[in-house]
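Below: a set of structures, written as structure tokens.
One chain, subunit A, appears in both complexes that follow, with subunit B as partner in the first and subunit C in the second.
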Partner chain A sequence: MGNIFSSMFDKLWGSNKELRILILGLDGAGKTTILYRLQIGEVVTTKPTIGFNVETLSYKNLKLNVWDLGGQTSIRPYWRCYYADTAAVIFVVDSTDKDRMSTASKELHLMLQEEELQDAALLVFANKQDQPGALSASEVSKELNLVELKDRSWSIVASSAIKGEGITEGLDWLIDVIKEEQL
Partner chain B sequence: MPPLDKRIKKFLKDSIRIAPKISGKGELSELRTGLVSQYPQTRKDAIKKTIQQMTLGKDVSSLFPDVLKNIATIDVEQKKLVYLYVMNYAETHPELCILAVNTFITDAQDPNPLIRCMAIRTMSMIRVDKILEYIETPLRRTLHDDNAYVRKTAVICVAKLFQLNKDLCVELGVVEDLVNALDDSNPLVIANATAALIEIHNMDMDAVDLSSLIQSHVSQFLLALNECTEWARIIILGTLSEYSAKDSLEAQDIIDRVTAHLQHVNPAVVLATIKVIVRNLPQIEYSSNSLIMKRLSSAFVSLMSTPPEMQYVALKNIRIILEKYPELLTKELRIFYVKFNDPLYVKLEKIDILVRLVDPSNLKQCTLLLTELKEYAMEYEPEFVSRAIQALSQLGIKYAQESFVSKVLDILLELLERQDTIKDDCCISLCDLLRHCPGNDKMAKQVCAVFNTWSNPEVLLQSDIAKCNYVWLLGQHPNNFSDLESKINIFIENFVQEEALTQMSLLMTIVRLHATLTGSMLQSVLELATQQTHELDVRDMAMMYWRCLSMPNNESLVNDLCQNKLPMISNTLEKFSPEVLEKLLMELGTISSIYFKPDSNRRKGKKYVQNIVKGKHIEELESMAKNEISSKANDDVLLDFDERDDVTNTNAGMLNTSTTLGDLDDLFDFGPSEDATQINTNDTKAVQGLKELKLGGDSNGISSGGKNNPDVSGGNIVSQDLLDLF
Partner chain C sequence: MSHPHSHSIYLSELPVRKPQALGNPLLRKIQRACRMSLAEPDLALNLDIADYINEKQGAAPRDAAIALAKLINNRESHVAIFALSLLDVLVKNCGYPFHLQISRKEFLNELVKRFPGHPPLRYSKIQRLILTAIEEWYQTICKHSSYKNDMGYIRDMHRLLKYKGYAFPKISESDLAVLKPSNQLKTASEIQKEQEIAQAAKLEELIRRGKPEDLREANKLMKIMAGFKEDNAVQAKQAISSELNKLKRKADLLNEMLESPDSQNWDNETTQELHSALKVAQPKFQKIIEEEQEDDALVQDLLKFNDTVNQLLEKFNLLKNGDSNAASQIHPSHVSAPLQQSSGALTNEINLIDFNDLDEAPSQGNNNTNGTGTPAAAETSVNDLLGDLTDLSISNPSTANQASFGLGGDIVLGSSQPAPPVTTTNNSNNTLDLLGLSTPQSPTNSQAVNSSGFDLLMGFNPTTGTTTAPARTLVNQSPNLKIEFEISRESNSVIRIKSFFTNLSSSPISNLVFLLAVPKSMSLKLQPQSSNFMIGNAKDGISQEGTIENAPANPSKALKVKWKVNYSVNSTQAEETAVFTLPNV
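Showing the complex of A and B:
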């Protein structure tokens, strides 16, 4: 019943609300590349992000306010400044960077402990699948200890920002979850 | 799933499009929620309120990350506001600034040129190393931007960067880009690049070879001149005035091309143009009634209808130019007549110009000015009146003819009757006139007759110089005074209280008259002058007199001492030395032209503190201070518990002094210490005397910018007598 109601209203007025989404992950994971892949559908040349990029994009009738934060060690402490009101976190992992899987895992779990992110959905991109030697999604999932996550909608998707594979699939899942939880 | 009614409520709340309002209270929590609100209008309001609080001095720095989130927007106004905020707190939150870097870099490639400018400008203004590290890409990009407005901003940023971090600037090699910008197609870019280069040159003269750049870009400057803004014009003209033309043809060309700007409404442009012309004048052929002189003269006339502050600057500059081109404004004398509503500082300068300007071969003009000055002397402002009285004698001496001088003398004597407060000035001026006509006994009698009626000159006359002149007159015309001895005795009694000039004058007068005075007077003045005064010059002088007087067979020597005549004063208008004049002509329109002191550091490559990235210095000092205090305090704990506070206090005091000392050192680094050295090296008696005279004059408020003519007489008396001794 409720679903019918809200989707009806939704159609009448459209959703005025912007959804805040954070893209986090270690430096060089491909966050900025993914952001602009989503926004303009192209691969842009990037430089390490000192600070953040933010873009608003419309996706499936929703307004998404997507924040891509720099992943360098010196910037990570400031991620927390951006947690408030966040609907979902996209955590990007460089699947070829085996040495830093544990660091990625540590940062991920540290972040998810934050009070402000308790209701946020989590989408992990096991990125750079086009590269030889990339860990598979399930391998990355294991490295990141994702099974341990309780009380949270999460999913991991194998992706290649360069080739444009997996990105929309991941986002589709995320939007569905958000709609279900928030509306 | 929550119950339906709750969900409807939530849905309605989300659907209401009215953005929440931010109250005026400016509570941090409210602002914070506003800053991250989902409603753009609320966010913008919150930013405005935050900045409002900031300008009121409230610390809203804790909102930094939240404000910064709003930097990414297409709303230029909002962006500007956030930039403003970032600039303000960047220095106190350098670590948070890093979050803004990416936005600066992105904004520097924004399609909107205004945003590109804003980004590079803000970035180069933030005195935080972390930000500057990333400036290279945006700076380079904007330096080569398609848009001239962006380029002209970027070139200024190079100078700023140089100031903040010279090493980085050199490393990036952007100074070369500046040099290239001198060939830009846009006049504004050229002007700004020039300004930036000059600024950099002033910070470190080794960084750019400014003079050869100017040399090679004169034609660009001349071209750009007509198309740029006032500000740019001033800079370009200023630069042109540094250039010396190759030959008279080029000089004439430069003059022709800048002359039009003499009519500009902005006085700064006019002055800058005048400077260029004056610079090139010596190279071309001109006569006093040539077109260029007329144009210059009318430019000055137009400057005299600007607000008083500008007039003041103009007058100071006219004063300099007149010394080189005295004929320049002679026809315009009336322009400089004092208006009743001129501020005092303008009035004083005008009087100075009037006396300099008046043509001594033009009796009518001189007579008119005489009446005018007489009016001034009957005004009420003390400084003005005093200056007018001084000007009267200057005018008399300038015109030189005794009949005219005698007219001035009559006016002065008439003024003397009117008021007690101007006795000092009249006394000085009258004595100057007498020294101009040394042989004119009639005048001397007139003056002495008036002075003779003063029963207590030591009270009537206040200033050292005036007393000095009075006593000198006693010595020159003893027969015109009745009861001479008692008049001199008053001063002997007061000897210790008198200042150097009066003491000196008294000593000389008594020695001069010693043959006719009671013997004890000479004895007592010599004793006083050798034992009771702190003035070295007076003492030395007294010693020498004493020795001369006690030498055997000294008749002719003593005779020389007593009969010696002072040279005639033929001019009481101070002149610059030729070198100073040339330097001042080069520095027209600058602060040096106001103080008449050429900037000794100019083009000598003074170095500013190279890296003024903020925080470092103060922090260092602070930690030093803390360390010292704590170590001292600890030491003391071991010795004595009770005095701990005291000692900490004293330590703090000591630290304060050392900072003050540091400050002083800084001052000395910057300030030209030339004055001091000059006095030291020229520490001869005459100069010493002159120096004292100057001081006396200043405290009397007469010598504003000018000088007191008794300087000359006092100095002469001293040196003349000294010479006579040997």
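Showing the complex of A and C:
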């Protein structure tokens, strides 16, 4: 009897929990476009994010608080102010921006060393696949040195936020990982 | 060349699980500092904890405040006394990030959780220490700090306790002096570093609170912190200007006292204080000149002021040594600006650390103990009931503890749990921009299509001439995992392989690692896996591309590769390995 009640309680508790998700990446990678693609399913005209955008989504019976933070150089040091209680990080990369792949890799690994993110899952979008010259997901993965991430569940998905491709596949993976590991 | 590949087959297996977290070092230190077996507070450990918090920042001030509030309510009085001792050290050494945490409603409510609604006939030692702490904070950081507006709830708790009849102990001036702001001249970079730490702490608190007005305030603060508004730089300049004006007034005062016919003026306390203030500030002049060398007016002003200070210090020393004749030959010039101008500059200063709690009017406290308010009594009952319900939580004890933090005492400031974040957006739909963006896409897309067609033609013509997609080949199938290869020939000497992994079980597969070895005459290049985790029954949940070079087109012997895969399923580590013969391509 106690076990049955406990199990039911766990399930109820999990399904009511709100999950905090951060969308990070260099400026111009497509973070805000992805946020509103998720929220309203449309492409919105964006300008550089100074500060942050935050939206609450319902997805697969889960309530997600999704925070999209500005990616400009002067804002990146303050990403750390948002790390507390984060369930997952979505890191967005502009796959056509070969010149700044090493910067993106550096920022990614620097961020993941933070203690407050040690339990967060990582989803990488190799974005702008609709553009000519875009690196493939596996090429982006190599540039970002993702295989070095030993203690974390991670995945990389090719995406085009403009076309809406890859976004829900990536988010499905992320939700399943969170359900498995954190709820 | 191929040796590393054969060696890689025998790499040590990855750990079954993610390493267990070592636990929060900060909380362990705090537990050690408050353990019962101590004879007296461990001051060295307390200072070490303060240094740790100052270095780490982030959630550390908050974690420490929450842990201490609970220890202060520990039934063992020794533990509570040590916790209060550590609290005192942190308040005096960690500055604004920690002050922001002790000014939270939840912290203050927890602090007085064991206080009865009416003051007892005689205070316990712990009650006396808590009242002393609140009185110290009330007389220092609530009144004199540059961010006193963030400390409103300390003021409210002080007022509430006084209203209930609690008497606060008298605090000596020397104890208060530690927490009063130090009026020292600082360089712009020193000021900006302090600003950054304070603003980061405030940003985290605003994000945690999560109400719409808090998020709007947080976005404004982000603009300031990122330098999109020059408020920080302007404030730093104003702070320097303000301090310099104070020093100039002190210099003029010292000048008048040293000019006085009274030969003993150099020896009184006021003169000594003025002298030491100028002496301490002088090394900063050089640093400020170095940092602000583009500001010619400031540099010239500082150089002139420095000359005056040099003369005053020399005159002071001559008088001190009894050489009044030589001293009378030195005539430092008047340096301070008219008072009105100074006050004008002061009034222009903006305190950027302020944020308003206008939507949360400070509570006067509940009147339960007066017996006059049924709604107040009901409110208390509701709070107690909420506390009881959260204590019943089975699945997540730590969350339950967090939820009951700040509830359940007799003396309570109105408690409010953080609200979930509400939509805020910086976006605007601009049709003109949208049209502008979409037009150039068309020619680019058609070029891409042409390029793609060209590649397709190049890819197919020289080899087989077939237009069908490469077929998949089953490599292995176990109860849990199916592996398939999609094999195609890229050139006369290169074979391309794409691996697909399907989870056949209903349980997730995690930490999947796939290894592949080819004959020594060939060279294998593998791209990274797309993932290392698959949900139950995921089809093609993980994929990986690679190429085999130096693979001839029509080999006399079939090409064999050896593969190995490790993964975790149902908390069990699994390994599968075999040799696979590639079909001819």
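Keep in mind that, in the parts below, the second predicted complex is superposed on the first by the 169 of 183 C-alpha atoms of A that agree within 3 Å, B and C clash if a C-alpha of one lies under 4 Å from a C-alpha of the other, contacts with A are read in each partner's own complex, and residues count from 1 in each chain.
Just so it is clear, contacts are C-beta pairs under 8 Å (C-beta built on N, C-alpha and C of every residue); 3 or more make two chains touch, one makes a residue touch a chain.
Every value quoted in this text rests on a predicted model; they were computed, and no experiment measured them.
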item	value
First, second, both or neither for A:54, with subunit B first and subunit C second	both
Touched partner set for A:156, first subunit B, second subunit C, both or neither	second
Partner chain in contact with A:142 - subunit B first, subunit C second, else both or neither	second
First, second, both or neither for A:84, with subunit B first and subunit C second	both
Touching partner for A:173 - first (subunit B), second (subunit C), both, neither	second
Which of subunit B and subunit C A:102 touches, first, second, both or neither	neither
Comparing the two partners subunit B and subunit C, which touches a greater set of residues in subunit A	C
Contacts of A:116 with subunit B and subunit C, given as first, second, both or neither	second
Contact residues common to both interfaces of subunit A (with subunit B and with subunit C)	5-6, 9, 13, 18, 47, 49-54, 70, 74-75, 78, 81-82, 84
Touch list for subunit A against partner subunit C, complex	5-6, 9-10, 13-14, 18, 32, 36, 44-47, 49-56, 63, 65, 67, 70, 72, 74-75, 78, 80-84, 114-116, 118-119, 131-132, 137-139, 141-142, 146-147, 150-157, 173, 176-177, 180
Residues of subunit C defined as touching subunit A within the complex	14, 18-19, 21, 58-59, 200, 203-204, 207-208, 215, 218-220, 222-223, 225-228, 393-396, 420-430, 433-434, 437, 444, 447-448, 451, 508, 510, 527-533, 535, 544-545
List of subunit A residues in touch with subunit B within their complex	1-2, 5-6, 9, 13, 15-18, 47, 49-54, 70, 74-75, 78, 81-82, 84-85, 183
Subunit A partner contacts - residues on subunit B that touch it in the complex	1, 4, 7-8, 11, 14-15, 17, 36, 38, 65-66, 69, 72, 96, 98-103, 105-106, 134, 137
